[in-house]
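Take a look at these structures.
Presented sequentially are two complexes of chain A, the first with chain B as partner and the second with chain C.
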Partner chain A sequence: MGSEGCLLVMVIDIHPQLAEADQHAHTYLDACISFANIHLASNVRNTLAVIAANHQETRFLYPSTTEEQDKRQKDGRLELLGLVDDSIERELRSMVVDKHHGEQTESLISGAIGRGLLYIKRQETEDILSKRVHARILVVKISSDTGGQYLNYINNYLSAQKIGTAIDVCLVGSDCGLLQQGADITGGCYHCIHEITELLQTLIMMYQADVATRKKLNTPAPEAVDYRAACFCHRSLVDMGNVCSNCLSVYCKAVPLCTTCNVIFQTDRPLMKIGKKKK
Partner chain B sequence: MIQEDDDPKEYRWESGYEKTWEALQEDESGRLEPSVTEMIQRAKRRKLLEREASVRLGIMRHVYLILDLSQAMNEQDLKPTRHICTLKILDDFIKEFHDQNPISQLGIITTQNKMAKRHSDLSNNPQRHLDCIKKMQKMPCKGEPSLQNALEVALSSLRHLPPHTSREILIIFAALTSCDPGEVGATLQKVKEDNIRVSVVGLAAELHVCREITKETGGSYSISINDMHLKQLIDEHLEPPPASVKMDHTLIKVGFPHQINADAKPALCMCHLDDLPLLNTQGYYCPQCTAKYCDLPAECRVCGLMLVTAPHLARSYRHLFPLKHYSEIPLEESSAKLCYGCQKIFITGAADKYVYKCRNCHQVFCFNCDIFLHETVHSCPGCASNPTLSQTPSNT
Partner chain C sequence: MSMSGEREDILLQVNHVRYKKNNGQLYLSQTRVGWMMDESDTFAVSVMYNDIRTQKISPEGKPKVQLQIVLHDISSYTFHFCNTEGREKQVAERNQVKERLGQLMTQNRRQPPDELMEKKRMLDESEQLQQLYRALVPTAIISVDEFWKEIAGQYKQSLGPQLDVGVSGAFLADVKPQTDGNNGKIQYNLTPEIMSSVFKTYPAVRKKHGEYVPHRMSESEFWTLFFQSHYYTIHTNTRTQNVFSECSKHDDREWNRDVLSTQNDPLFDLDNIYEERPLATDSDLKIGGTKAGSNAMHALMIKRFNQQSLNIIKAQTHSEKEKLLDEIAAKNPTGGGVVANGQPPTTDIDQPKSKKARIEEKLAYNDLEKSSTTETPALTIHQRDRYLTGPTQNTFSNSLHPDQVVRLQEQLDVSVSRWQPTLPNSQDAESATRALHHFSDSCRKGRSAVGVRSGGQLPGNLHKELGQVYSSAGELLRHFWSCFPPRTPQLQEKLHKMHETLCRYHNVTIRPFQEMAINDYNCNSSILDHLTEMFHIANTKFENWKARNSRHYNRAIILGIVVALAHDDCSGMWAKVTTGSWRNF
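So, the complex of A and B:
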């Protein structure tokens, strides 16, 4: 680990799904907070930001926006760590309490990543010595995804790639192709675990080292990333598709009219043949 | 620089005397800095505002770069010479072009000694063009350029392209003369008929013939004043131009290749066959003919299928669904205490005199975040953090 220290932006998923099983929420949040503490304690220069996302909103848990801090040391711990714990707990509580029950859709992870990127960008411009901030984003996610935020995700990945920030992804439960693409594009690390009790161990073993150190570790080989696109008509993944030349919508069959941008296609004969063959 | 081009009809030397220093004003404590920061911010933002356009774009671009390598390129008004300086700028341009237009193709033509020569064919592989640019640094600049010959060479390959593509020519012209075998007007007519858009960036002075060509074909014509300005002018061509009316729309067949697993058999990739690479196991298979490629996007050499990945297509979506501009409001009128994105606390003073509010989600951002979001990210984290707005693309 370099002596410069690094900025870790944790994006944690607080979907109500978490409360379905007993003890899950407890183990999960414990693991996240412990990992945040480990990051801060392992190097004096390390900095941290924690952003939570549920299906209603995204919120900065640390550094907290509501400033009411009691900086006294308790039970002999480092003040900073106590501060982090307090701040996260307070914000989380208000976030969970003032939720008005709506539809339980997917968590707004892409918004949280976007805010994280802006936070990193600001730290970079504000650094007086104008050193490069070694920043990375860690996404911990438990809920499933529907792909409704696709464009937001991709925009975030491409900008993260541009400013040289890796996005690490740790999933609990099921795989998510979209986040896997993000880790692959930005040079981060992707891993999916099945039991929530493994979370803390996995975080420490695989995600604690910074990107430069990670090359020297013997981590599990990355799986092949699925870069297929979903067609706009049936939302199924296709190997070969037809793309509208105006708006780049993907269709699995030849269609006479683009439903996205309403242009009528010049139906040449060869194109019709392809369409018929496929049927 | 900040206040230029307000009225394009009038030349700079024809207008009245400008007192540029009067725009600067001292604040109460006698400092100039706040005034200067404000001006810089305004200039940056204005550049962004100009860009708003959601007309149909020619996303599938086929661009020929015509580079003048005549005697005039040896001039030393750009340091070290026009030749080296331009090639350096083009080097960045090519990288950026392929980054921002992943399904577009680029080709390079040079003109010198009254002749024109094609140096690299249209392709979407940046490496070939970069090698070509590198070679050109050692080429001597001699003789006179020929506009007509260069246009004919570009025309011969652009005219056979399918009708749904956007055909463009970008000429970088240093000389004040052109030595043509015939009437350049005849070529211009052909260029116009084939629906090719010609833009010219001049290094010396405005030429009537170039003005005529760009006006007829709907391109832009600009003259650089120094190296920074030249870079800016060339980079303006990174954004796809509006689609011309005559352009047809078709469905294009593309393939989304699979990544090869580590346990696959070692094989040669099709893209580097000429340089005899080592056998390796990494790469992508063409879904139609299972030829292997080490990098995407590519056009399959065997079956001609266009191979892309889903993020490549998505990269172009930002041209089609640009992020709407935020509205600028004075800090006192906004209720927000801090920037929604970077958590910066607003201070009543220089940098935060104005804050920027998204029109959809009504979140407030600081100046730096506004610029970063519109220049790089192209999606609003406020809208993405809103359960109703995030499901429908906020910026359509």
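So, the complex of A and C:
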């Protein structure tokens, strides 16, 4: 709501898990499109990009890469809004129809965030005056497993932090620690809702205002983020652990051999240490 | 105030000195002057030299012979010398006292103020040091000496090396001769500073001084010769075998060397000075330059001036090593062959460097070049999944099988094909109110923490004081932790001392501060939690160390006693046990 517009990049998760309950998919998609409209309508200088991600691909829903047809105003709304709606709907349908068979089961959210960051950068360089673009990324996600994409996520977070882009996260379902860390690193807001019917209201309340305005509003206090690493052997969170200097894998106790990169550690007094602890 | 004999020795005692119409004696000791009445044994007057601003004597014409001491606070003491032997004795005594008093005053004035001035200067320079001083010393948490030894010592080290004061260019000219009008004798007043300047500028003279004085000739003879030599006068008596004639030869040789190196430097453009490249000769005229005019005397003067200036510059820029080499060269002033060996090797290295090499040297910057690529070994990962997953908790609840995913995708396809976006119905009212409830609850929970959040909203004064408390506490803690591990006895002693200091600091400064913060400013009582926690950690560490040490000591003693009892030769075993290794216990 400032004088300068904000570029909102929405990353929408279209994982097939959506189909578990029939009504859910419709509510979900409706909510996302409505929120996109609200964003564009709140400030004439706001701009939008929507990227959808499922387990096979990520795709720009808006601005669409296929040719656009100029539509005439049909229902009394701003033409741009109608354009956005149509574009999103069209691309979504074609995306869902596309089927490949692959091993990947997780949503490619990290890739979508990466594409979003690149889009933001491109907008900045293509601008005639090379103005700094106020941008933020909103991630709406339903599946909570992040699988083997830890490095990708961390790279994205650090790049976003570098260019000053906040990554907001709205999770439907259960908590995800990695996304919570990302929101904390980049200065965004993290929230998790359990009912998909509350999605639009939550989006409006928490994510409508951009980062500068949020400081003036009365928002819920951010919880303490658990940054503890999980050990590689048990996948349990540890406060203090041992880290392999070669591959940076975390172990909860001192091991003579790193099983990830097969490096042997030299320990001088492996037994005395345990003995002393008994005291 | 009595002057006990063992504290200060009496340097001068003068009898028959009157003060306020009473007869008595005047005493001068190391640090003060005192006057005692004849029949008493306590000092009626006792003045420290530091308090004395100046002393005055009565003029020659007056009948009374008096000496007056004026203090800083304008008060004064007047002593009347009334020796029965006559006026000359009185005057002599008075002058003696005056000279001695003057000496002792300057002596006493020089030492302490310097230290005090330096300390004051250090405190003025560093705001942080001043704050630490104010926080720790007046409250007797740490004694003054300890402060200056430990904390200021570290600060001084961080300042870096001090620069020396250089030699003034006019030092020889400053030696103004005084003429005694009658017999044309010229008197030069030499101070130690002038002598050290001469030694710094002319290392050859220093060598000569070391050789000749004091066995061959006295100081005054040496310096007389010096001023008669070529260094100071233009007309030298070449007839006499002068001490400094060797020096002059050495100086000339050095001068030629320097001039050659300047002339042969390919990067200098000297075409303006020399119309043609001069040959390296000893002729003063050629080296002085054709523009110096044809007068040989002028050229000589100019050469002497240049020599002196060059020597002064060299005195400042020479490093210790080169000074040593110069002294070696000065030791062998005769014979070209010997000098060649003693010459500093730098000139030989400089000469062959060609112009091109010099220019390239100036053009190339190491840090602008491409950094050399270091060979990095490749990282071989044997378990890719673990590496890519990273240190995250594995939630196995939602992992889906690819077949399941395919099935779900079919379902999604069907669902989306049936989907018609109905935006006006995208949010129903009930869910909206529920979401709003949740949102308000979480907002209210965030606001419920009453009191001042630490760090964010403290009032200005409290903020500053808190900063100061943290900085002084931090300094003490830093010294405490630097004592670990306490391997030497000094470190152990320092550790004990630091622990006591910390306890004192805790009681004197931290508790009152906390109480003040709570009472006056209505703050959260957790404002100093972090600081008190640091103190507790330090305390526990100290207690553990003490317990462990004493346990070792006790064990050693017990074992020693047991072993000694078991053997007849107690003394030998005891010695062995106590000097054994502690770790074995």
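Here is the rule we go by: the second predicted complex is superposed on the first by the 261 of 279 C-alpha atoms of A that agree within 3 Å, B and C clash if a C-alpha of one lies under 4 Å from a C-alpha of the other, contacts with A are read in each partner's own complex, and residues count from 1 in each chain.
FYI, contacts are C-beta pairs under 8 Å (C-beta built on N, C-alpha and C of every residue); 3 or more make two chains touch, one makes a residue touch a chain.
All values derive from a computational prediction rather than experimental measurement.
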Room on chain A for both chain B and chain C (clash or fit): clash
Touched partner set for A:V250, first chain B, second chain C, both or neither: both
Partner chain(s) touched by A:S110 [first = chain B, second = chain C, both, neither]: first
Partner chain(s) touched by A:Y119 [first = chain B, second = chain C, both, neither]: first
Which superposed partner A:G148 touches (first chain B, second chain C, both, neither): both
First, second, both or neither for A:P63, with chain B first and chain C second: first
Common interface positions of chain A, toward chain B and toward chain C: 55, 102-103, 105, 148-151, 154, 221, 229-230, 246-247, 250, 261
In the complex, chain A residues that touch chain C: 14, 16-20, 22, 25-27, 29-31, 33-34, 37, 55, 85, 89, 92-93, 96-97, 99, 101-103, 105, 143-151, 154, 174, 177-178, 193, 195, 197-202, 205-206, 218-221, 229-232, 235-237, 246-247, 249-250, 259-262
Residues of chain B defined as touching chain A within the complex: 56, 59-60, 103, 163-165, 243, 248-262, 287-288, 305, 309-311, 313-318, 320-321, 338-344, 365, 368-369, 372-373, 376-387, 390-391, 393
Contacting residues of chain A [partner chain B, same complex]: 53, 55-58, 60, 63, 65, 102-103, 105, 108, 110-115, 117-119, 121-122, 125, 148-152, 154-159, 162-163, 181, 185, 221, 224-230, 238-248, 250-251, 254-255, 258, 261, 263-266, 268, 271, 274
Chain C residues within the chain A interface of the complex: 379-383, 385-395, 397-402, 405-406, 408-409, 411-417, 419, 421-423, 425-428, 431-432, 434-436, 438-439, 442-443, 445-447
